[in-house]
Amino acid sequence: MENTKKVDMTVDIAGIRLKNPVMTSSGTCGYGRDYLDIWSPAELGAIMVKAVSIEPRNGNPPPRIAEIPSGVLNSIGLQNPGVRHFIETDLPWLKSIGATVIVNVVGYTADDYAACVELLDETDADMIELNISCPNVAGKPIGADAKATETLTNQIRNITKKPIIIKLSPNVTSITEIALAAEAGGADAVSLINCPMGMRININTRKPMLANITGGMSGPAVFPLALRMVWQTANAVNISVIGGGGIVKWEDAVEMMMAGADAVFIGAGLFYDPASPLKVIEGLEKYCCDNNLSNVNMITDSLITDR
Amino acid sequence: MLDITAKVIENRLLSEKGRIYSLTLDSPELSKDCLPGQFYEIKVGGLDSRFLLRRPFSVAFCDDKTVTIRYNVVGAGTEWMSGITPGQMLDVLGPLGRGWPVDKTKKTLLVGGSTGIFSVLGAASHLGDKSRAVLGFRSCDLVNSVEDFKAFGVPVSIITEDGSSGRKGLVTELVKEELDKNEYDTVFICGSTLMMKSVAELLKDYDVDCYVSIEERMACGVGACMGCVVKIKADNEQGWEYKRACAEGPVFNAAEVIW
Amino acid sequence: MENTKKVDMTVDIAGIRLKNPVMTSSGTCGYGRDYLDIWSPAELGAIMVKAVSIEPRNGNPPPRIAEIPSGVLNSIGLQNPGVRHFIETDLPWLKSIGATVIVNVVGYTADDYAACVELLDETDADMIELNISCPNVAGKPIGADAKATETLTNQIRNITKKPIIIKLSPNVTSITEIALAAEAGGADAVSLINCPMGMRININTRKPMLANITGGMSGPAVFPLALRMVWQTANAVNISVIGGGGIVKWEDAVEMMMAGADAVFIGAGLFYDPASPLKVIEGLEKYCCDNNLSNVNMITDSLITDR
Amino acid sequence: MLDITAKVIENRLLSEKGRIYSLTLDSPELSKDCLPGQFYEIKVGGLDSRFLLRRPFSVAFCDDKTVTIRYNVVGAGTEWMSGITPGQMLDVLGPLGRGWPVDKTKKTLLVGGSTGIFSVLGAASHLGDKSRAVLGFRSCDLVNSVEDFKAFGVPVSIITEDGSSGRKGLVTELVKEELDKNEYDTVFICGSTLMMKSVAELLKDYDVDCYVSIEERMACGVGACMGCVVKIKADNEQGWEYKRACAEGPVFNAAEVIW
């Protein structure tokens, strides 16, 4: 039964060849240093670093974390030291150790995004991920509107030749509408899902569990929602799809790829099992061996939908 | 920081009514690098659990081969922990964070309130008779671990809110009396935010260093998620910044905390 | 500490006085007979019966059920024997035992809804709940569009004087926009949430777990999402809000009411604990006693949002 | 239908390799009304479990005071069940559904495949030597409960796919041989859909009544959710309707099932 053929674990995302299809998702792995005792960003397909904005941000007041059934609610609110700090300190280090770096960018306005990307365009960051879907900041996110998504994507497309990934919000009526708008705007890939917006109340204090009242849901609770949206999106667009939301173990990653993801990201799963990225990479490789797949990308779209 | 599976060798009830347990892990690896005031993130629940988040617990004390934590049953995760039996394996991440600035040349007052006593017990185990502990509890049912402080050579005073054990009153009273002796260089405090805030307030009138250990809700426990922040004075325009309790803390210089 | 004052458990929903604020939700309690060994519909604030349509429906092929972390995925697809059968057999029985009956109505077209409601208007059904949010039928549901929601509500408003409840879909960008449209159309109440749309794949067979591919999520996994939407909706509309999604125990019901629900419904929670409606009613009563609330409706809006 | 908490008095491993267990509940209430072919919905997982759905299991047999179910460990829920210890309490809903049309005046052939044997074991316990069982398994590791059939006075033939125990082949072969004896009035079948379908196909050539017990994915288990439907012939325009395995089934007349 042992299959010793070597599996090709590389995948092409937005035209870039990655070591493997497993990433850690923005906001759950900092800038790559915090889990170093367990895994190095260089072992991943790519690291999606915590959102950076043109100016540093404080984020929301604490408490920022609450537990939910099979998941976690967060209201970080994009605390970050600013893109310049990232470019000076973290990015050179990440590149020096051999990581593929996807920079998650956020802004209040289109110009904010543009300013960030202009600075990043001068660096050796590998890809830009536009976070237009954070549930933890005031106002309607750009990612809730197709036209705004297309316009922003297009504006950024004109600034950089680096691959652009649009991070999609699940808090929308039609995920495919927004994904198609991103594609039309010139995106090279979409990543999804960001966090569905949720809330919890402490019935003893009668206060919301988060100071910001609402927050973003992640973890296994959102997995079926994410899987559905990835499936719909992969069926709608021709660009790369990076799928995640609730992935904890390799079986989840296989499901996500079968639904149509070209690569996957792990976020809150790190909190449960910090070693999950390595275990998922191993598990995918073993799955391919066991099923005689020579390349991990053969899992993508292997779903059988006729009964 | 280690990410390991360790064997439980004891999970002993310390206080029936208070539902306080002492849990000891057989793990030379974990005990090797562990400093007082640091903490572990422990995976709770079975294979089919709905808990995504690990639970943070301060190291109470270590020896060459074992690490002991102590916990109060307050919710579903600690409820599950109370059912752990010796021999069972636990997934443990740690040691994490920055602990107490333990310095045996300094006379240190340890101030603990309810489960905050476990973090200062860690300091007690290193400081011995260079320290003294004042411990506050709601009532006598919750009093525990006093013998352990004493075994480390640390004298202990107890105060309870209802007077059912030791003196009646709030821990601040005892702290004031101790400080008025003018013997202390440093104070370590761990307890409710209210208690830490009022002790820190009091200390402004004294010439002592004061450190507090702050328990914030955590997700990653390792500094990656920005979930556990505390407002700390900073040399920037706004005069403060959010620092991570799990990475820059949980122990902070009380003078820098914005309550 | 014992408080022996009697708690007034009645609540007014859409102008009708209910025994208590606890309902069982449409599709999870049939037409009220299946749990009779455990509870009677007459013990509830109201029973929301399984959707009825003008003609009988087969629903979707099996398998229709898959488990998800802290929840369940279903793709029933509105199987029902038709509104006439309901009016002849189940409704008279439900009324005879003293139940307050909310009839969940579904249609392919506005005329379908109208035809059903015309028949129901002649009966002693207590309220009509328009299900414009089922995730398990083809096409974009009416509940995904504010204008369509208002138009339908208005059309039905002109047919019946019975209270109209609009059942809202969570699969929308803005829940308040749809809720306000329902209110503008003349609804007396909104109920939410219906199921978020999800998916699961069996990685061994490489097939979706549901024959219909996608299905609706319910159970504790959706609770934080439901709570957030109920909170937003209750802050937006002036009509009654019936909140549910993931309620299993009385503490969940307290949270839901604190978020702004005037009454709550239990759906998938029945699968876990068939006696949950009785336990939730008891728990709410005890909560009121313990907190010196003379009327259960005092829980609604008791949330403290300033820190 | 009862919704009760019952005490486990035995959870015994029947087949090591097959991971098949026999679980007995101490519950006169549950056993009182229970008919062969009916089933129970059992709550699995601890207090902190992520399982919302109960798991359905056929009654294997009862006596005055106890009910026994038998199960194969196939996933996370049955994995949890395998760790149940005597004395533990289980939440059980049932008995549910419509069982076998057991009739002692009729000579009945019981056909079971893998875990389907437990449902026909229930019929065996009522029919005794008025019945005969043919049981199919993948391999000898999975063979179990044969002694129990015999204890009820029921002769048993075994067939395995790999020939490692009893004859080698598929259960349909044995069924055909038995039917050719022209002794049987009725056949009860429980096993994989494929097996039931092929046996039912075979039976079209014989003048016997045939019943099948169909396992569909269930949510409520009581008829409330329409989750567990099976396509059944009906006297309507389209010629069929979806019926609920948990309420109108799990036992259906094979002639009415549309496979």
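Each chain gets a letter, A, B, C and D, in the order it is written, and its residues are counted from 1.
To be clear about the criterion, a contact is a pair of C-beta atoms (placed from the backbone, for glycine too) under 8 Å apart; a residue touches a chain by one contact, two chains touch by 3 or more.
Note that the structure is predicted; figures quoted are calculated from it, not measured.
Visitor: Which chains are in contact with both chain A and chain B?
Guide: C, D
Visitor: Looking at A-D and C-D, which one has the bigger number of contacting C-beta pairs?
Guide: Ranking A-D and C-D by C-beta contacts puts C-D first.
Visitor: Indicate the whole-number Å distance between the mean C-alpha point of chain B and the mean C-alpha point of chain D.
Guide: 55
Visitor: Distance from the CA centroid of chain A to that of chain D, rounded to the nearest Å?
Guide: 46
Visitor: Starting from the mean Cα coordinates of chain C and chain D, work out the distance between those two points in Å.
Guide: Once rounded, the distance between the two centres reads 35 Å.
Visitor: Taking the mean of the C-alpha atoms as each chain's centre, how many Å separate chain A from chain C?
Guide: 34
Visitor: Of all residues in chain B, which are in touch with two or more distinct other chains?
Guide: 50-51
Visitor: Counting only residues that touch at least two other chains, what does the list for chain A look like?
Guide: Expected reply: 61, 69-71, 220.
Visitor: Which category does the touching pattern between chains fall into here: line, ring, star, complete, or other?
Guide: If you draw each chain as a dot and join those that touch, every dot ends up joined to every other.
Visitor: Provide the residue numbers of chain C that touch chain A in the complex, in ascending order.
Guide: On the chain C side, the touching residues are 61, 68-71, 73, 144, 171-174, 196-201, 203, 205-208, 211, 213-214, 217, 220-225, 227-228, 231, 246, 251, 254-255, 258-259, 287, 302-305, 307.
Visitor: Can you list the residues on chain D that touch chain C in the complex?
Guide: 1-3, 43, 50-54, 91, 93, 216-231, 238, 241-242, 247
Visitor: Which residues, counting only chain C, touch chain B once they are in their complex?
Guide: Interface residues on chain C, with respect to chain B: 69-70, 220.
Visitor: Can you tell me which positions in chain B touch chain D when the two form their complex?
Guide: Residue list for chain B touching chain D: 44-51, 76-77, 79-80.
Visitor: Any idea which chain C residues touch chain D in the complex?
Guide: 27-30, 33-35, 37-38, 50, 58-59, 61-67, 69-72, 74, 76, 79, 219-220, 268, 270-275
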